[in-house]
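Written below as structure tokens is the structure these notes are about.
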Amino acid sequence: MGKKVITLGEVMMRLSTPSHERFLQTDCYQVVYGGAEANVAVALALWGVHAIHVTAMPDHDIGHAASRYLRQTGVDTSQVYFKEGRMGLYFLENGTMQRASKIIYDRFDAAFSHFEGNEVDWNRVFDGADWFHWTGITPALSEKAAKLTLSALKAAQKNGVKVSADINYRRNLWQYGKSPLEVMPELIEYSNVLVAGLTDFENCMDIHEKTYEKACETAQQLNSQITHVTTTHRDAVSASHNALSAVLWENGKLIRSKSYEMTHIVDRIGGGDAYMAGLIYGLLHLHSQEALEFAVASSVLKHSIPGDANLVSLQEVEALVKGENVGKLLR
Amino acid sequence: MGKKVITLGEVMMRLSTPSHERFLQTDCYQVVYGGAEANVAVALALWGVHAIHVTAMPDHDIGHAASRYLRQTGVDTSQVYFKEGRMGLYFLENGTMQRASKIIYDRFDAAFSHFEGNEVDWNRVFDGADWFHWTGITPALSEKAAKLTLSALKAAQKNGVKVSADINYRRNLWQYGKSPLEVMPELIEYSNVLVAGLTDFENCMDIHEKTYEKACETAQQLNSQITHVTTTHRDAVSASHNALSAVLWENGKLIRSKSYEMTHIVDRIGGGDAYMAGLIYGLLHLHSQEALEFAVASSVLKHSIPGDANLVSLQEVEALVKGENVGKLLR
Amino acid sequence: MGKKVITLGEVMMRLSTPSHERFLQTDCYQVVYGGAEANVAVALALWGVHAIHVTAMPDHDIGHAASRYLRQTGVDTSQVYFKEGRMGLYFLENGTMQRASKIIYDRFDAAFSHFEGNEVDWNRVFDGADWFHWTGITPALSEKAAKLTLSALKAAQKNGVKVSADINYRRNLWQYGKSPLEVMPELIEYSNVLVAGLTDFENCMDIHEKTYEKACETAQQLNSQITHVTTTHRDAVSASHNALSAVLWENGKLIRSKSYEMTHIVDRIGGGDAYMAGLIYGLLHLHSQEALEFAVASSVLKHSIPGDANLVSLQEVEALVKGENVGKLLR
Amino acid sequence: MGKKVITLGEVMMRLSTPSHERFLQTDCYQVVYGGAEANVAVALALWGVHAIHVTAMPDHDIGHAASRYLRQTGVDTSQVYFKEGRMGLYFLENGTMQRASKIIYDRFDAAFSHFEGNEVDWNRVFDGADWFHWTGITPALSEKAAKLTLSALKAAQKNGVKVSADINYRRNLWQYGKSPLEVMPELIEYSNVLVAGLTDFENCMDIHEKTYEKACETAQQLNSQITHVTTTHRDAVSASHNALSAVLWENGKLIRSKSYEMTHIVDRIGGGDAYMAGLIYGLLHLHSQEALEFAVASSVLKHSIPGDANLVSLQEVEALVKGENVGKLLR
Amino acid sequence: MGKKVITLGEVMMRLSTPSHERFLQTDCYQVVYGGAEANVAVALALWGVHAIHVTAMPDHDIGHAASRYLRQTGVDTSQVYFKEGRMGLYFLENGTMQRASKIIYDRFDAAFSHFEGNEVDWNRVFDGADWFHWTGITPALSEKAAKLTLSALKAAQKNGVKVSADINYRRNLWQYGKSPLEVMPELIEYSNVLVAGLTDFENCMDIHEKTYEKACETAQQLNSQITHVTTTHRDAVSASHNALSAVLWENGKLIRSKSYEMTHIVDRIGGGDAYMAGLIYGLLHLHSQEALEFAVASSVLKHSIPGDANLVSLQEVEALVKGENVGKLLR
Amino acid sequence: MGKKVITLGEVMMRLSTPSHERFLQTDCYQVVYGGAEANVAVALALWGVHAIHVTAMPDHDIGHAASRYLRQTGVDTSQVYFKEGRMGLYFLENGTMQRASKIIYDRFDAAFSHFEGNEVDWNRVFDGADWFHWTGITPALSEKAAKLTLSALKAAQKNGVKVSADINYRRNLWQYGKSPLEVMPELIEYSNVLVAGLTDFENCMDIHEKTYEKACETAQQLNSQITHVTTTHRDAVSASHNALSAVLWENGKLIRSKSYEMTHIVDRIGGGDAYMAGLIYGLLHLHSQEALEFAVASSVLKHSIPGDANLVSLQEVEALVKGENVGKLLR
């Protein structure tokens, strides 16, 4: 049987302008649903993983549409709870060439931020699970969301489930009165695999080092349960052309992935989540270097697909890792 | 020169599903911007009236897009203020046949609800103005919005400007702790022309009468400045087919309009605002019966046009009043 | 082998707003190509008639696109000539309910209006032909177009080809300095079948009668070659709902068609041309009453199809004449 | 907990022309997935029923898209098997007014028609199930499909599951060498609730009666397990306007539903399946007359929704049964 | 007068996802019609060649739509026969960057594969013809299609018509029980110009050489009527960026074309057919090197155009050969 | 308060094919409105400048739509006059890769070309104005348009307003009987800032020099009021990839801007006007080198936006000048 992975986080409605239109000129928005953690679940579900996403959505037609969207991708939506409240949403304007992409968030006060998770039977959810993934976005949303994350982490630990955390520090979140350093360190203590860059180390772990390796080592010294730390490197020639690679620090050893030129980016949103999904899949099934290459290839393919979701098959990621099929016409 | 009319109220982003799609199936939303009061301004501007809409919008690209949308229709947007905060929005699913239309509101905590209007130079705004229009939606949004309405009304009175009020009672608004009866009577005291049905009388004026005429008389007894009370009558055969007519009570006399069969409704949102715009235009330029007929014809034409805005010309409304051009091909 | 029918006239680019949008709000126009005479050729070609349309179009990509459009429908485009000049065009806003449809013409000075037809080998074109169809729009466009019509008519007569004329009087054409009465009578002298209403009789034939039968008789007295006169009757409940019927005067006898309720009109443009095509097909293959019923049924079906072209099969028209398949789901 | 209902049948890709375009003019097809039995499962799933659809689909991206589509609606897709072969499909042109709707089927030789169901653990599927629904389309597709139906029916019987059969006789299916009378009677012997009209009785049960009641009685005499027979009555004024009602024969008693005028039909495909879903839901939860009314109201609402799927909530159907909300704007 | 070229082959309906959408996410397919041989006819017709395409299509609206599509491009459709059977079709997902393009074929058992061509008067078709083009796809479809190809080739030879063959070996075709080597050599014996790469030589001619020149020489030794052998070279940096060039072997001499960087590919389908059309046109009108350059430039331009058809003018190809207009704005 | 800039010129309807479709294949045109001078006004209005555009448009719905379009962008439309006549229009096919972009103009005889401007109160328009911008397109349209330009220039001079002229020589305009050299020199005498390349100097100023600096000097010698001359340099790798830079000659000194690689051009129309707008803004607010860089960055961003209008904010241009945000995702 496939692996079982649990994710926790808000799902937002994403409204993006078609073609290359700007907010100022569009009269039509294309809609998908996504969130940093749900995007990971979606990618894993497509690869045959039993992915359960835990979340709360408003109990109206659009909340239900969002849940159905997740369900379509194969995610197990039995832990989607419908609550009073609004749908978090964000507006996206895809950039091109020298023009940057823009996001206007409107996620404040969403149903998820009030979700306490009392209905969740965490032990059943984590029973037989292989992995739990959370991100630093959730504890940044509200005090309740931070507590919910902690509850989930404790249950994961109790059930012997491996934990990954995408630190994902964003200053303009964290508006409910707590600072990241008051909240994140406790949560990170339950986590084995971190996605973190130097800014994340500084703001969420109070680690101030000049090199990435040093920062990883310090992190492990502080939190001995940490086994892997990773980050992607995006080199942006323009909004249409980026180069992408990643590094993975594993118990003191730093390995690097191949670098890919992404020359005609269709949609970069969810690129990091596709990396995360690839890494989880990789660490569950492959050796470290292979896992890292799988993760980067997964992310590269995401950049060719409209929407948040990484709609690629295992075979497609594996082929890219081997350098196969690039530019082919598969009949 | 044309007349000058002032309107005050929130402008929302409206996201509607295309064709006859349901919320559960759409992946695209069509966007326009509107609000009960702004819709009145838009219609009047198209008829050559100098219509100034006073409002606040978020100071980001979508707020600016909303303002530009108003500006495009000819509305004077010099009194649109850009503020911190979110854009109020609503999702619309157009019904058809036996299936009702549905709206999901997401307007709580919008920039407008925090707007105190300190920047507005009310005396300059009302200088030379002929009319001020407000609705019961604004004081229902927040305490600040109720106070803003009162400030505007006082300034209107001071400048000798005629005032119309669309009572528009909606129970699911009014969530900031005050009841309509604590707020509305004071505001109605400044108003000359009321759009009100029996439910509005009951909930916002504490007038409990069995006939419309009696209710109008009681209203005038309580508020002697009231000269006109009006309401439309919509007879819904189905979501696609309504009949529409209206009555106008003028200082004790009740007159009735023609009734129109609207057999292939395209979009009923804004139908009431088109009536209101027609009535204001009519009372400023025509005799009462003509004004009433103009208002109803304006509303009927609105039902044939997608969006909130009543994009019809004076000539088109006048032709419909005369029964001309119906079903024609105008070359 | 099938019949051979020749048509002559301008082909315009038609730009129509999608859905029920107004000119004032659309940012997209849907394009087809058509003209009163070409529309007749298109319908006939679909029914297996060898239909040759004679016209001139601008020698640029859009002129070529127009010709290709005709060719797609099966029309013989060997007599389409590419010339210097512009493409005539018109903008269409489809009405609905009480709101009328609107057309803005922009056809002045088009390539066709300068076309003298010197390249046309009329005798080859009319060789073996069964019918020639022209309309009063062509001689209204320019002096050259009037002369071209006359040349074609003379060649048709010389080759013994039956001629139909859709008088189609429109006052806002006829701007090149001649009045209809200076031009049309000479052209009508070559015509056997007329589509004409009382206004057409008055303005183009100087016949002022009070009844339709009387007018037809007078016309035949003046032009003994006339065998048939016909007109449709459209009763417009609204832009969405019309009733349609027709009468055919044949050598002194007036027959009437069934009347159809068209309750959900999709596109009325080309409805008259579909009638004309039906009548030509009918008079070539059927008895008079059958021909008349075929013509009206053809026109009714056109109203259900977007675009100028009457994309219906012989079988579909015949079924409607018999009252079959109405409201069916044909698998 | 909710009821459990099993359905069995082919899922096709449906390609329909947008707006009112004809096959001859469209350059775009809108895609959904559906089938007579799957449509029943979809509607039931939306109402909280645990609906399992048993089928086979091609093991390529489009087969997976079809399965995901079902999954999105809430159907349990654990019994969707991916096999070699092609996707059955059909092209739909929606009619309007006098113009009939047209379907071009291209379902021959699809993966489902080769499906033997050896992988299906029927006892597990039917364990705890309340209902099994099949239609006469499946045994008409291929010998294997007929055998598969029989296997399912036997397993249903063994597990004490109630069975409904939509006879749905279509002459142009049944091309594999067997006649309906050779196949259907045996299958009907396992069924308790029949959807059948007089033509179905004649062609699939060899029952030739003049009245519906007599036919139902004869059917029960031949198959004593039959408890209910039902059929809808569609009165087609035009493709846009039908009236709909139904009758239900229950152990000798015939009851009739209300009749609904459907005056602006959006999409009639799946209307019968929505009726069937409504009836199953009704017979599982309501008294007979209520069940019948629920079924018809379900079908009426379907006609207002694009696509095969009846995307309406329980509350919406119940409201229509009570005559509530018709033509309303629900905020 | 222009040259006359005959082509023979299946025309399929192509259904492609819009923008960069994947099969898994689209709900809309864009439709054009094409096939390897018909695409050649389309390009030639646009350049003024009298191109006759011989094929069979299903006798339903979609078959007729396909024929009309061909007719629109200028192809002579007098040899399109309408038969019982289904339309072959294929689904296309356009790749981008590292993501490959994908095709799902569904062409088995199409009307064309049953077409015996008895109605074709081959001598009349080839009368005065300059060229006949066939591809290795046709004999791979069915025994009847292979025989049809042979009949055509014999007639072409009898009428002294030059013949080109695009070998186009595809392993997953050839499913009717014969191997390419049983069928192709006989057909190649009638052909003068071959498009073939080393794989084609091996699988269809049993020629196993290591260099292209050697393979060409061997081919000519076996088939002395062969005068030209050619192949394109595509260097795929990614799905969005290819380099394209070609070689032409002419009676022992190998010439090479310029190489083009195609950096923003819109649609590569039909690129090979555009090359073939260019080569036929070139060999009919130009010297060899010019013909080769014309062919490659034709193919390059095709990659910038959505759809199978190479909608470019002679002037545009000629300009590219000369390096003119690249990146220009032509007013 | 902001600066005040006046522009004068025709506004055309632009009809462009969607995606990468060719004129020959599209059935839909996207519509915006623009013109060389109006595009300058639009960009300036977005940057807070009080931009008044003086023009005439046809007095029908499409003329009004054009005016509303301008108004939406913030342009002051008080000097838009509605007149008899047609709307000038142009059709645009966006090129890609080696395929050039194409424009078909249809602007002859438009309402603007007959506009004499008698209603314009030039002194009021120029009162307090900082800048007037005209282009060589206007005097090329008609004698009346040339005279109108002269009137405006005289009024500008009288009011002490700085003047810029985009010479913009296009041979295929100038069809009313005058040559550029008869008309342009007199107009240039009133202008301080010229956009001109060597071809412009030759055809419109009779200046024949081999170097740009020499030409600028000669121009100043002939017209001592000239202070600045400028031109952009576009290096077209393909229709999708251009490099862009500019030079500015200021009283004898030539300065050069940075060069930008524009690798994924969305829409190049209006790129020159965005440069002009940037230069005007820059010369009004910045030092020369900064102004030049601002102008080029403005033009670069325009190439990423569909439509004529340069919908970018001041902050976005300034960030690009500093090299900030390129390829970023701004949240």
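As written, the chains take the letters A, B, C, D, E and F, and residue 1 is the first residue of each chain.
Going forward, a contact is a pair of C-beta atoms (placed from the backbone, for glycine too) under 8 Å apart; a residue touches a chain by one contact, two chains touch by 3 or more.
None of these values were measured; they are calculated from a predicted model.
Asker: How many hops, at fewest, get you from chain C to chain E via touching chains?
Answerer: 1
Asker: So, comparing C-alpha centroids, which chain is the farthest one from chain F?
Answerer: D
Asker: Could you work out how far the Cα centre of chain A sits from that of chain D, in whole Å?
Answerer: Centre-to-centre distance between chain A and chain D: 41 Å.
Asker: Please compute the C-alpha centroid of chain E, do the same for chain F, then give the distance between them in whole Å.
Answerer: Their C-alpha centroids are separated by 46 Å.
Asker: Using mean C-alpha positions as chain centres, tell me how far chain B is from chain E in Å, no decimals.
Answerer: 62
Asker: Chain F: which residues touch two or more other chains?
Answerer: In chain F, the residues touching two or more other chains are 22, 24-25, 27, 68, 102, 264.
Asker: Could you draw the chains as nodes, link the ones that touch, and say if you get a line, ring, star, complete or other?
Answerer: other
Asker: So which chains actually touch one another? I want all the pairs, not just one.
Answerer: A-B, A-D, A-E, A-F, B-C, B-D, B-F, C-D, C-E, C-F, D-E, E-F
Asker: Which residues of chain E touch chain F once you look at their complex with the stated criterion?
Answerer: That would be residues 260, 262-266, 300-301, 303-307, 309, 311-312, 316, 320, 325-331 of chain E.
Asker: What residues on chain E touch chain D, complex-wise?
Answerer: 15, 22-32, 60-62, 64-65, 68, 86-87, 91, 93, 102, 104, 106, 108-109
Asker: Provide the residue numbers of chain A that touch chain D in the complex, in ascending order.
Answerer: 68-69, 71-74
Asker: Quick check on the complex: what are the chain F residues that touch chain E?
Answerer: 19-22, 24-25, 95-103, 105, 170, 172, 236-242, 264, 268-269
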